[in-house]
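Chain naming follows the written order as A, B, C and D, and within any one chain the residues start at number 1.
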Amino acid sequence: MSEVGFIGLGIMGGPMAANLVAAGHRVTGYNRSRGKVDRLVEQGGVAAGDVAEAVRGAEVIITMLPDSPDVEQIVLGEDGVLAHAPEGALLIDCSTIRPDVSRRVAEEGAARGIRVLDAPVSGGEPKAIDGTLSIMVGGAEEDFARAGAVLDAVGATVVHVGPAGAGQTVKAANQLVVAGNIGLLAEALVFLEAHGVDAEAGLRVLGGGLAGSAVLGAKEAKMRGREFAPGFRLELHHKDMGIVQSAARDAGLSIPLGSLVAQLVAASVARGEGGLDHSALYNRIAELNGKG
Amino acid sequence: MSEVGFIGLGIMGGPMAANLVAAGHRVTGYNRSRGKVDRLVEQGGVAAGDVAEAVRGAEVIITMLPDSPDVEQIVLGEDGVLAHAPEGALLIDCSTIRPDVSRRVAEEGAARGIRVLDAPVSGGEPKAIDGTLSIMVGGAEEDFARAGAVLDAVGATVVHVGPAGAGQTVKAANQLVVAGNIGLLAEALVFLEAHGVDAEAGLRVLGGGLAGSAVLGAKEAKMRGREFAPGFRLELHHKDMGIVQSAARDAGLSIPLGSLVAQLVAASVARGEGGLDHSALYNRIAELNGKG
Amino acid sequence: MSEVGFIGLGIMGGPMAANLVAAGHRVTGYNRSRGKVDRLVEQGGVAAGDVAEAVRGAEVIITMLPDSPDVEQIVLGEDGVLAHAPEGALLIDCSTIRPDVSRRVAEEGAARGIRVLDAPVSGGEPKAIDGTLSIMVGGAEEDFARAGAVLDAVGATVVHVGPAGAGQTVKAANQLVVAGNIGLLAEALVFLEAHGVDAEAGLRVLGGGLAGSAVLGAKEAKMRGREFAPGFRLELHHKDMGIVQSAARDAGLSIPLGSLVAQLVAASVARGEGGLDHSALYNRIAELNGKG
Amino acid sequence: MSEVGFIGLGIMGGPMAANLVAAGHRVTGYNRSRGKVDRLVEQGGVAAGDVAEAVRGAEVIITMLPDSPDVEQIVLGEDGVLAHAPEGALLIDCSTIRPDVSRRVAEEGAARGIRVLDAPVSGGEPKAIDGTLSIMVGGAEEDFARAGAVLDAVGATVVHVGPAGAGQTVKAANQLVVAGNIGLLAEALVFLEAHGVDAEAGLRVLGGGLAGSAVLGAKEAKMRGREFAPGFRLELHHKDMGIVQSAARDAGLSIPLGSLVAQLVAASVARGEGGLDHSALYNRIAELNGKG
């Protein structure tokens, strides 16, 4: 069992920290809003009043933050994780951020004797609660081995995919595919509805064949019912598509489908739907077809 | 058990007819090339020398033909199925064709006392052999009920989705989603490879989360290995995207993603790759990125 | 001077017929709605009560009809132009229709001793009134020569572009470029407005450089003022994009930009804006950006 | 007449500086490669050995640099323009760079008593030589007035479009439209050629109507002849499309057409054609259609 410092106890981080406690780790948690720290204490964790307190004495530090600037501030910043973490500690950053920022965190960590993994997750709140997240890990092989006991407490599919930043790259590819699959499902549903087909039956048979997907399973009922409570918010997927596009550009890549999907996601945020579940991308296709 | 006339004993129709024999039906088969009829006889079926002979005395007639013009000729034509089928027979057309042609077949059948279902299938040669196809059926409820024993011998997911033509509409939606998912997988793979990530590991973790899909499961190894023996040929998927686009146009729909994917499929045929598996859509994305 | 029969005296055909009268030709006109025939008579033309009367004794027959089915009925139909035109007459079809229909008209004309040119026009109502249309002509070289005196009365740029159907092909390319230029101008305007730039000044400088175009000149004021009285209606441009797409498909072509523009045009019709000027494509881009 | 310091004497900057000399200004020029400075001296200018020397005593300073990082280094850097320019001087930055960098230059300039305009140009080498560039100027009204005599010596259309950064925003919109028009022209040409139409005649008639554009006039012969010596290089247009996309993203905009065009431009660079004229975007469309 390990001494774990956990920073970022939101929708995803909260249940992850709870699962670590349940697995027998000693988890000291910090979050900007005190209520979430109290919640962790109720679940058996320990409260920290700031970042320094959270990482003091930690063997493993997990960060789960919203975006690249948050990581730059809370991990790399003056009073941040790297400034206070004990030498030899392992930092596992589960935030979904730009690969180049992950690489910088790894470099600055190495300079201070802190080992770093980027380990973004997929699966959303339900799998965070169940401890069955998919986790894509970038960093050194030996650090991945060392992270095993901790990551197994929160994930079901934990895969080492390459060096520092590789986890973020795979997560970006994941978000590209997910957004695209949502967009295609939306077009298929509008197509079925416009032709007067029984859409529930139609999508059921699609789900049983080569058109089947996790997106179809998880999102078709939301789309048919126009019920878009999040889940994973469009504004976060918009942030992620920004990472996809800048990572593609940095590598000199042309991704025509991903790029078109990204425009539809951007439009959803522009239309004021950034707070809805990403399946509300359906609304863009419906609106283009006069059903908005 | 039923007297079944089966017309079109190709890659898909051949194993479907064999499964009907195995289920105890008496199957009389016809195909333009005699060798395929002989094959059916070896498997326990009965040979027919022409369409008229195949449908004589049949309770159920199944047609599995390549494209709309084939159905127009062999079903609606002068010496075709409707001209020779016994009154009261049930015609199940498993071809993937334009919905408006299916509706015309249903109307002309009704005028001659022949009941008609459109019942295109999904799942490819492996599921045709296993008798586990997904089948999307358009037509009258009572005809669907009557078709049950026969369709259960060839399919695992057999769903009634609406009136005449609805099966084709759902199949079109299916092909839209499948082509799109292939295109997105291709972009994700090019993205991972360009960033030097372990693509096999990366796609494995995608498969375990919300990016997972039947396409990813069935096609990622082909793409990674650049091994594109068909399977389902790009030229057939191109035909199907033509159906998608004309059905969208007829209904006054805008489908931006489907339409862009259709252009990439068209390009694959223009590039002379129509005979490859549809996963070779990967080549278009690779080529755009100088890896062609 | 020639005896000219003119069928189709609408927004475009009306002023074209008037210009032929003004140039000294004897023009006998027919239109379904009698008021437009009366108008031509006021301008010095001759009234015809039906197609047969319009073409009787004509050396040159001009048709200006909305769509392919209209040409099929009024030119090829039982009581149509080819049934009544004098042998040796020259039919100039100025309608914008499918190239394959134009080729069929040419063939059926040839079989009855009628020479045929397809001669769709570009420039809209203002250039129809001024007699300065661009005219793209398909057919035999000698027939083009013979049409000279007549077409020069209505067009400023009259170009022979190839055999029967070639005029339609060039018109389709024209509509592809025009729709695309409108869409790009719309994106540029939304871009400028969102950044708080003086859009009038910005577009003025664009017009002076490599971004300059006839579309920019003709449409930017309409877009900036959101004043979309037609002009050329979106529903007609939608029809034309259908021709573009089916001609591309018939030739096995991939046109990703044209295809995406076609989806935006289709969406405009689906949104109920088919009666607005095609510059109202702006509304689709604005709407995607929450300014709809 | 003014004392002008000119930094960046490349394909564009060289002839611009020469035109300033010809108009009677005293021009002191600096360029990293000495040969270009010698050229200016032959034309009547004065040589500077470094940035400091070029700006010493200048009333007006013009910079014409390749990209944002160059401006950051040569204008904002330690030994750069702002460090050495006399108080009260007017800096006109003609580089095409990110709007946010232009805004930063204006702010840092203001802090040191240097007035700044962003003034990117359009028209390419021929118009640089003729002194008939289109120039889009961002900054204060009074500074624009003061720049008049200098900018009139190099441009024919010189327009004030808004505050600092607005010139870059308009230039970005310009590049979006130009790239899109090139892509559409390429699709039209492939379309005409595939249908066996006389492409030269076809494009001539397009040029006379609503499809006419500066791009069509300047680029159609290059495309028809597959002769792609630059002109404006694809790699520079790729850089510019990066500015378009990041400026769109910063403003929360969805630009589906611009984004798709950007992918085709990116593909051209990925394919190793970054050194060709931007009209070589034609090759992407041709290649998609098996004519590559």
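FYI, a contact is a pair of C-beta atoms (placed from the backbone, for glycine too) under 8 Å apart; a residue touches a chain by one contact, two chains touch by 3 or more.
If you're wondering where the values come from, they're calculated on a predicted model, not measured in any experiment.
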item	value
Same-site or different-site touching of chain A by its copy chain D, using the half cut	same
Furthest chain, CA centroid comparison against chain A	C
A-B or B-D - the one linked by more C-beta pairs in contact	A-B
Length of the line joining the C-alpha centres of chain B and chain D, rounded to whole Å	52
Gap in Å, rounded to a whole number, between the CA centres of chain D and chain A	40
Separation of mean Cα positions, chain B and chain A [Å, integer]	37
Shared interface positions of chain C, touching two or more other chains	248, 252-256, 260, 263-264, 267, 270, 288-289
Residues of chain C touching chain D in the complex	99, 122-124, 127, 133-136, 156-157, 159-163, 165-166, 169-170, 172-174, 176-178, 180-181, 183-185, 187-188, 190-192, 194-198, 201-202, 204-206, 208-216, 218, 244, 247-248, 251-258, 260-261, 264, 285, 288-289
Chain B residues within the chain C interface of the complex	242, 245, 248-249, 252-256, 259-260, 262-264, 266-267, 269-270
Residues on chain C engaged by chain A in the complex (per definition of touch)	256, 260, 263-264, 267, 270-272, 284, 287-290
